[in-house]
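Shared between the two complexes below is subunit A, which has subunit B as its partner in the first and subunit C in the second.
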Partner chain A sequence: MTYFSFFKSESLLLWRHKQDTLNALLFFVIVVTLFPLGIDATPDFLTVSAGGIIWCATSLAVLMSISRMYREDYEDGSLEQWLVSGLYLPFLILLKVTVQWLFMIAPLLLILPIVGGMLYLSEESFWVLVATLLLGSPSLFLIGSIGAALTVSLQQGAMLLMLLILPMYIPILIFATSAIKASEIGLPYLGSLAMLLAISLLSLVFAPFMAAASIKASVNE
Partner chain B sequence: MQSADFLTITDLWIERGERVLCKELSFSVQSGEVIRILGENGAGKSSLLKALLGTVLIDEGSILYLGEDITADRSNLHKDTLYIGHSVGLKKALTVRENLALYCPDVSIEGYQPILEELGLAPFLDMPVNKLSQGQARRTALSRLWLTQKSLWILDEPFSALDDQACLLLEKKIEQHSLAGGVVLLTTHIPLSSIQPRELEFAV
Partner chain C sequence: MSWAWFHKLGSTKWFFLWFKNWPLPLFLVGVLVFLMGIIWGLAFAPEDYQQGNSFRIIYIHVPAAILAQSCYLAMGIASFVFLVWRMKLSPIFISAVAPIGALMALIALITGSIWGKPTWGTWWVWDARLTSVLVLFLLYMGIIGLHNAFEDKRVADKAVSVLGLVGLVNLPIIKYSVEWWNTLHQGATFSLTKSPEMPMEMWLPLLIALLGLSCLLASLVLWRMQTTIMKREMKSNWLKQEVLKNGL
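Moving on to the complex of A and B:
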């Protein structure tokens, strides 16, 4: 096994399991659609709430797709093969997270203009939303991968994963939605974007090592 | 100067919860040896193999690989080891060819056509693993023994789900590997016909 062959096979696998990504995206669209129907469909409410709605839906969709991230690898013996491959486990995890992120975020960005239009998001706020997703979503996946690794050996680990991971998503949600709100009312938003980038960089440094330690512990059970 | 043993295991102690799997187990392995670990079902043979690989933690003891203490870090051992366990690590949604490309990216599958034909895999190269029988999936995993060059093979029940012809082929390959100076550690309940491994009784 090499890093490249691993990256290639992970991409192929996600392509073969594209229904899972489509389900997560469909879930995202349904959640976003339910807000105007259930609360208020007027532009005044939606323009202000759009950032929050989209980010809540994104976080839940990411959690949904990431909860089974290592499950198949655990069941088919791949995790053991990663451990004895002679390759650096945190880097393998980083590659897997990168593939997951690309396969989720690329289609999400493609449907974002429609969703943004549905929620009456102004053009400037739309681009700020794109920036928050690009800067903040890597941390959603990186932090989520720690939870997925911790709960991989548990039969009913999804609820525990949510309890472990959702609190860590809160700062990301706060900075992302505050950037979008600030742009909507003409206030500076670069500080919030910088914070999102900082959280993603911090996750990039710590998450692969923490997920690797969790995988080793799960395999050792 | 005497050359170092391939592997030296000293006073190995493994506990799993309340259960002691092995205590003060010591043995050494020379280059070219085939070692068969014997023991009842559930005795901990698989755990011993995993402990050598570092995927199961050991409580006490030391492991030397070519004279170097690898108890704390097995990365040097991993670079020269091929492990096939109960779960063989094949991706069910990928084809046989794609799985081999994952684990053996440096070889051209076409160059190994004769051995893949002998293993009965040639007609299934482009079939997803989830469509194969258990025996065919195991043959796919075991084909890595022909496609990669590693000195140490750790094989946990490699003959399970294989037919007589595939068992003989595998035994022949193990013998060739041993004659070439490689080391094989295996567990199996099946009597071996062509190779005479050194047997290691594993019981607490």
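Moving on to the complex of A and C:
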């Protein structure tokens, strides 16, 4: 096993399980649909809250899709193979998270214009939303991968994962939605984008090591 | 300088034997001092010129809120110690302190909303401090939940320390992001660098209540840790001898 073969096999696995990614996207669309139905379907409400709605739906969809990201590897023994392969475990985790991120964020960005249009998002804010997603979503995946690694050996891990990880998403949610809101009323929003990037970089430095530590703990039992 | 004392502190045996007789006196002192602070604050401290008597809930609210945060800090440091030095005592401390910290956060939330009704006119506002204490409570519940989810306590120890450390890094980010988001709450009551803005007669009982509650919590944590140590070292010889010789 080399880093490249690992990357390739992870990409192939995700490609052959296209249905999983599709399910996550459909889940995203359904959550977005709930808000206009449940609260208010007028453009007045939707324009101001579109950023928040899309970000809440994205956080939930990301957590749903990565809650089982190590599960199969744990069950079929791949995790042990990673450990004995002599490759650097945090880097393997980083590769896996990158693959997951690419497979989720690319289709999400593709359907975003439709969803943004359904929520009456203005064009200026739409591009800010795209920027917040590009800068903020890596941290969603990186922090979420810690949770997935912590709960990998548990049967009913998904609900616990939500409880563990959603509080950590609060800062990302706040900075992303405040950037979109600021652009909606014509205020400068670069500061919030910079904070999103900072959180992503911090989790890039921190998360692979934490996830590796918890994977080692779960495998060595 | 010799580091032997540091390593001894990490051993469950030394810890158990050293602190065996501490909890009860600490508990009594804590109850006494806390009651003193509370009675002084509730009955003798002067009324607030704006909030009247309703401000007196501060004597429970502020110590609970401070301790909720301190417990989290202590838990995060213990997680770091466990992940770096594999000290056996750290996870025992974490599992002992987590429910107590959660309780303190809950008390701070409840007293805060009772206090909010007469002063702000509402039980709950989406204010920065309230929200961050709510998040703190959820983080505590996450740690407790994760600890209970594992059958094997060795895995639980490691998982909980990872989560504790991640939470420790995240807590300031959460706190400041929420603070920039919205704030209505008054500033901090205690500060190490500034002299207190409250008059002495109001501030002193608060300090005493805080010290008393800290002692009280310390004794509870020690008790819980001792119980866990006894449970984990059930089969070891030193514990058997100690219990047979000196009782519990």
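Just so we're on the same page, the second predicted complex is superposed on the first by the 221 of 221 C-alpha atoms of A that agree within 3 Å, B and C clash if a C-alpha of one lies under 4 Å from a C-alpha of the other, contacts with A are read in each partner's own complex, and residues count from 1 in each chain.
Criterion: a contact is a pair of C-beta atoms (placed from the backbone, for glycine too) under 8 Å apart; a residue touches a chain by one contact, two chains touch by 3 or more.
This is a predicted model, so every value here is computed, not measured.
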Which superposed partner A:Ser9 touches (first subunit B, second subunit C, both, neither): first
First (subunit B), second (subunit C), both or neither touched by A:Leu134: neither
Touching partner for A:Ile170 - first (subunit B), second (subunit C), both, neither: second
Which of subunit B and subunit C A:Leu204 touches, first, second, both or neither: neither
Touched partner set for A:Val29, first subunit B, second subunit C, both or neither: neither
Touching partner for A:Met64 - first (subunit B), second (subunit C), both, neither: neither
Subunit B versus subunit C as contact partner of A:Thr151, first or second or both or neither: second
Common ground on subunit A, meaning residues reached by subunit C in one complex and by subunit B in the other: 216
Subunit A - residues contacting subunit B, complex: 1-2, 4-6, 8-9, 12-13, 16-17, 72, 75-78, 80-81, 83-86, 216, 219-220
Interface residues, subunit C side, partner subunit A - complex: 83, 135, 138-139, 141-142, 145-146, 149-150, 152, 154-155, 158-159, 162-163, 165-167, 169-170, 173-174, 177-178, 180-181
Subunit C partner contacts - residues on subunit A that touch it in the complex: 143, 146, 150-151, 153-154, 156-157, 160, 163-164, 167-168, 170-171, 174-175, 178, 195, 199, 202, 206, 210, 213-214, 216-218, 221
Of subunit B, residues touching subunit A in the complex: 50, 53-57, 74-75, 78-79, 81, 83, 85-94, 98-99, 101-103, 105-106
